[in-house]
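Order of writing sets the labels: A, B, C and D. Residues in every chain begin at 1.
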Amino acid sequence: MSDYSRDEMMTVAAARLLWDGCITFVGIGLPSAACNLARLSHAPGLVLIYESGTINTRPTVLPLSIGDGELAETAACVVPLPDIFSDYLQAGRIDVGFLGAAQIDRHGNLNSTVIGPYGKPRTRLPGAGGATEIAAQAKQVFIVMKASPRSFVPRLDFQTSGGHFAGRAASGARGGGPAVVVTDVGILKPQAASGELVLTVLYPGIPAEEARAAIGWPLTIAQELESMPAPTAAELAVLRALEARTAAAHRQPVRLPT
Amino acid sequence: MSDYSRDEMMTVAAARLLWDGCITFVGIGLPSAACNLARLSHAPGLVLIYESGTINTRPTVLPLSIGDGELAETAACVVPLPDIFSDYLQAGRIDVGFLGAAQIDRHGNLNSTVIGPYGKPRTRLPGAGGATEIAAQAKQVFIVMKASPRSFVPRLDFQTSGGHFAGRAASGARGGGPAVVVTDVGILKPQAASGELVLTVLYPGIPAEEARAAIGWPLTIAQELESMPAPTAAELAVLRALEARTAAAHRQPVRLPT
Amino acid sequence: MTEFLPLAKAIEKHVPDGASIALEGFTHLIPFAAGHELIRQGRRDLHLIRMTPDLIYDQLIGMGAARRLTFSWGGNPGVGSLHRLRDAVEQAWPRPLELDEHSHAGMAAAYRAGAARLPFGVLRGYIGTDLPAHNPRIRAVTCPYTGEALATVPALNPDVTILHAQRADRLGNVAIEGIIGAQREAGLAAKTLIVTVEEIVDELPPAMNGVLLPHFVVGVVSPCPGGAWPSYAQGRYGRDNDFYLRWDEIARDRARFSAWMGRHVLGTPGHREFLDSLRQGTA
Amino acid sequence: MTEFLPLAKAIEKHVPDGASIALEGFTHLIPFAAGHELIRQGRRDLHLIRMTPDLIYDQLIGMGAARRLTFSWGGNPGVGSLHRLRDAVEQAWPRPLELDEHSHAGMAAAYRAGAARLPFGVLRGYIGTDLPAHNPRIRAVTCPYTGEALATVPALNPDVTILHAQRADRLGNVAIEGIIGAQREAGLAAKTLIVTVEEIVDELPPAMNGVLLPHFVVGVVSPCPGGAWPSYAQGRYGRDNDFYLRWDEIARDRARFSAWMGRHVLGTPGHREFLDSLRQGTA
C-alpha cells in the first residue's frame, strides 16, 4: 500500500497510538480525524471530549468547528465549558490531550501566541485557548505538527504551553507532558533524562536525514529506530470514507435564517 | 374576624411583609406557608427558591421536606445545590431569606447548633444548614419564631448565624441582616443605631405586656407602636385551603417500591 | 471501565473499614439500600460525609459504624431530631463521634473543590458564626486583588461516594433527573464512585444538557430497584413521609432502634427482602 | 423585572460608550445581531470580553469600537486568523487595542467567580507559560492547607453581557439547549444581562435539569430570529461554515472589509434587513 499522502500517514500514526477506552481531549483538524479514525477502527470505546463541553461524542462526520451541532447531538452529554476545564481536565481525567502550534522547541514547549515580541508582534496568532492547561494537566500530551525548520525551532518567540521545561516537576503540572510528537516525516519522543525530543520512529520511505532536515535544531536520532508500517488498506478506507462523508455533509448549503 | 389561631396570625403577618416580585429563599414550615400564601394572594409574582435547587417553584401543596418532588415538578428549573449557594445567595440575588432557630438574642443572632457547650452539649440541634450564609448574604432576613423566654434569650449558647452583631459592617456580610422578627405575640424590628430588637407591631388582642413576658431579655417597646390588623377572611380562606390540600395530599399512602 | 456488581459485592470490594464515604442525595435519591448494606457487612470506623445526614446516617451512627461525621445539617427533615446522632454526640452511645461541622455553603464549596481536584474551596462564608472557632479546618485566604479575606474549606475527596440514580446504561453512564443536590460534585470528587440504580437500560434518552455522569467516572453500577426508599426517586416512587415520622419514634429509644435494625436490616439478606420485611406487619 | 425591548432600544438604553461588554456563546448561539447593532449605533471605547472573539469581535475591532480585549483564543474557528484583530494588534489599525490575555481555563474561572460574586477565581493553571509575565492580572494564592501555590484570575463582571438563546417566555425566563460554553456564567456575572432570542413563547417546556436563566437575572429580552447567524442555533438553523470561509477573504483587506461593513451592517437598519442584504447578491 503506497498510495497514501503524508497527511494520511500522520493521521494513521496518531490514531494507532490511541487505545480502546482512552479518554481524549480533542482539537479540530488532524487530531479530530485521528481520534475518529481510531474510534471507527481499533478503539471503538475511545472517549472523545471536545472543549466545547461535549463528552463522549460520536460524530458521523468530522466537525469543522470545535462546537458543531453534530458534536452536541451525538454526545453522551453536553456540560458547561467551565466544567470541562475544572472537573475533567484539571481533575486529571484526560488520558491524552492533543496539541499543535506554530512553533515547538526541542523540549516540546509550544508557541501559539505571537511571532516577534509580545507587545509588538510580527504575527499575532490565536493564543492559548485550552492548550496551556492541556499541556500541564492531561496525563499524556500528543503533539501533531508538520515538520519544518520554521516551526521546529531552537528558541520559541513565546512559550504558550509547557513541554519538558526545566522545573516542570515542581511546577504544579500534574500531567506527564508531551509523550510523542507526530510529524509528517517521522515521530519524535522525549528522552527520559533530558526531555529532549529525539527521532524514534521512521515512516516507510522517509529516511532519517529527511527528518533531520525538517527540524530546526540539531536533531538527535535514537540509537534504536523503530519503523511504523504504512497505513493499511482498511485504515485508509475508514479514513477516506470519513473524509468523504464530511465533505458531502459540508457541501449541503446552509439557508440563511428567516 | 376573630376566629383564627396565633399560628395563622404569624403566617399572615409574614406573608403581608412580602411584595410582588420579591425573591425569597424559603425554609420548610411556617416560612413556606407564608410565602405560598403571599404568592396565592397579593404577590403572584413572588419568586420562591428552596435550597434544594428548585427555582421559582409554584407548589400546589406545601412541601414536607425541602426537597419534595412537588418542588422540582413545579419549578422553572432545578439547579445543583452548590449553584444555589454560590450563584444565587452569595451573589446577592436573594431579597428575603427566612430563618428560624432554637435561640435568638436581642441583636437577632441565632443558635441552631447546640444547647450547652459545643464539645459536650445538653441538646445537639441540627446545625447551620443554609442559615449562616442566608443570615450574612440575603438582602434582608425575616426571622419567624414563636416567642418564649427559653428561645428569646439574653445570651446564646452558640452563635450559628449572625444578626446585628458588633462588627457586622466590616465582616464581609453583604446583606442587611434581620429586618424583622415575626413572633406569635407581635413583631420585633431592629433599632437603627444599636440593632437591638424592639417591639414595634402589635397584633389584635395581644397587649405589649404579653409580648414582654414572652421575651427573655428586657424588651424595649417602640415609642410608636403600630398594630397589624387581624387576618382577613380572604387570607384565611387561601391559607386554610392550602393547608387542607396539603393534608389531603400527604394522606395519600405511599406504596413501598417493588 | 465501569464494573457491574450486585450491591453486596460492590460494598465488599470497595468499602473497607475506616474508609471515608459520602452517601449523597439531597432529600431525593438518598442511597438507603447501600447504607443498609454497609450495616449488614458490619463496617466500622467509617468517616461519614454528607450535607444532611438524614435517617440513613442516623442508622449507621446508631449501629456504631462511624468514628467521624462531616456534615452541615443533621436533622430529620420536616420532623425534628436525628435521635441516634444526638445520642452519639450527647452520650457517646454506642461510641463517640467526632464532628467536622460546616454550613451548606461550605460543604458545597468543599465538594466542588474535590470534584475539580483543587485543594480548597473559597466562599464568602462563615461570617458571624462560632463554627470556625470549633472547626480548625475552616480557614481564610486573602484576595490578591481586593485584599478581602474569604473563607476556605479543604476539598472533600471521599474514598468512596455512593449515589442512587434512576438509570444507567450498559456502558455505565448514569442519568439523574430531578433534585440533584450536591450529587454530581460528590460523585466527581470520589476516588471511587458507586451508583445504585433503579434500572439498567440499553440506551439512555438523549441527555443534551441533562445531568449525566459519564461511564468513565463511574466505578461501579449496582442495580437496586427501590434503593432510595424511604427517600424517593423522581418519576418512580414518592417520598415516604410517613416513615420519616415513624422513624422519630423508632429511633428515640435505644432498644427499639436496635430491635428494628436487627429485624429489618441485619435480619434480611438484601434490599428486596428488607422491603418485604416492612410490608409484613408493623415496621 | 425583565424588559422586553427591540434590540436597537436595548443597546441604546443599556450599552454606553466605554462599557465592558461580553458577547458569549462558544461557536454556538453567538449574538451576531447584537454585535451588529453596537456597530450601527457607533459605540466606542468598549472593553470587549469573550473567550473566543470570533468574527463578531473581528467586526467590532475592525470598526474601531474597542479599546481593550479580554480573551483566550482569537481565531476564525477551523479557518485561521481573525485579520481585523491581527491588524489592530500588529498595526494598531484602526486604533490600538489593549490585550488582557488568558487561557480558556482562566477565563472560565474568571466568569465563574463573577457569577458567584467572588472577587477572584482559583485554578491549577498558567503553568509553564509566559502569559503571566505579560498579564499582571494573573496572580497566585497559597493553599491554606497544603501550601501549594495556585493561579488566580480577577472575577469578570461585565457591565453588560449579551447572549443569544432559542426561547424566552413572557416572564423573561430564557431556555438554552445545546452547547452552552460559558454563557450561563457570563450571563450571571453581568451587571445587566440582555438576551436576544429566536422566539418568545407563552410557556417553556418543563426545564427540570435543563439550562434556564430565570427571569429575575435577565434584564432585557429582545426577539431576534436568526440573531446568531453565521453561528447557529441548535434545532433551528445550522452554522454557516461557508461564510466563515468567505470572511477570511472579506476581512483580509481593510478596504474590502470596510465596504462590506458599510453595505451590510451600517447600510441596513436592523437584523432582518441585514440578512436580506446578504440574500441579494454576493455577500
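By our rule, contacts are C-beta pairs under 8 Å (C-beta built on N, C-alpha and C of every residue); 3 or more make two chains touch, one makes a residue touch a chain.
This is a predicted model, so every value here is computed, not measured.
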Name whichever of A-D and B-D has more C-beta pairs touching across its two chains. A-D
Centre-to-centre distance between chain D and chain C (centres being mean Cα positions), rounded to whole Å: 40
Between chain A and chain D, tell me the centre distance in angstrom, where each centre is the average of that chain's C-alpha atoms. 28
Separation of the C-alpha centres, chain A versus chain B, in whole Å, is 56
Multi-partner residues of chain A (each touching 2 or more other chains): 72, 78-79, 86, 90
Overlap residues in chain D, where contacts from two or more other chains coincide: 117-118, 123-124, 148, 150, 178, 180, 208-211
Considering every pair of chains, which are in touch? A-C, A-D, B-C, B-D, C-D
Quick one: which bits of chain C touch chain D in the complex? Just the residue numbers, please. 117-120, 122-124, 137, 139-146, 148, 150, 152, 154, 176-178, 180, 208-211
Over in the complex, which chain A residues touch chain C? Could you list them? 21, 23, 45, 47, 55-56, 72-73, 75-79, 86-87, 90-93
So in the complex, which bits of chain C are touching chain A? 1, 115-118, 173, 188, 204, 206-212, 214-217
Per the touch rule, the chain C residues reaching chain B in their complex are 26-28, 51-52, 71-75, 77-78, 81-82, 85-86, 89-90, 101-105, 108-109, 111-112, 123-131, 134, 148-150, 178-182, 184-185, 225-226, 229, 232-234, 236-244, 275, 278-279
Partner chain D, residues of chain A touching it in the complex: 28-29, 51-54, 63-69, 71-72, 78-82, 85-86, 89-90, 109, 113, 118-133, 135-137, 158-163, 165, 168, 171-174, 250, 253-258
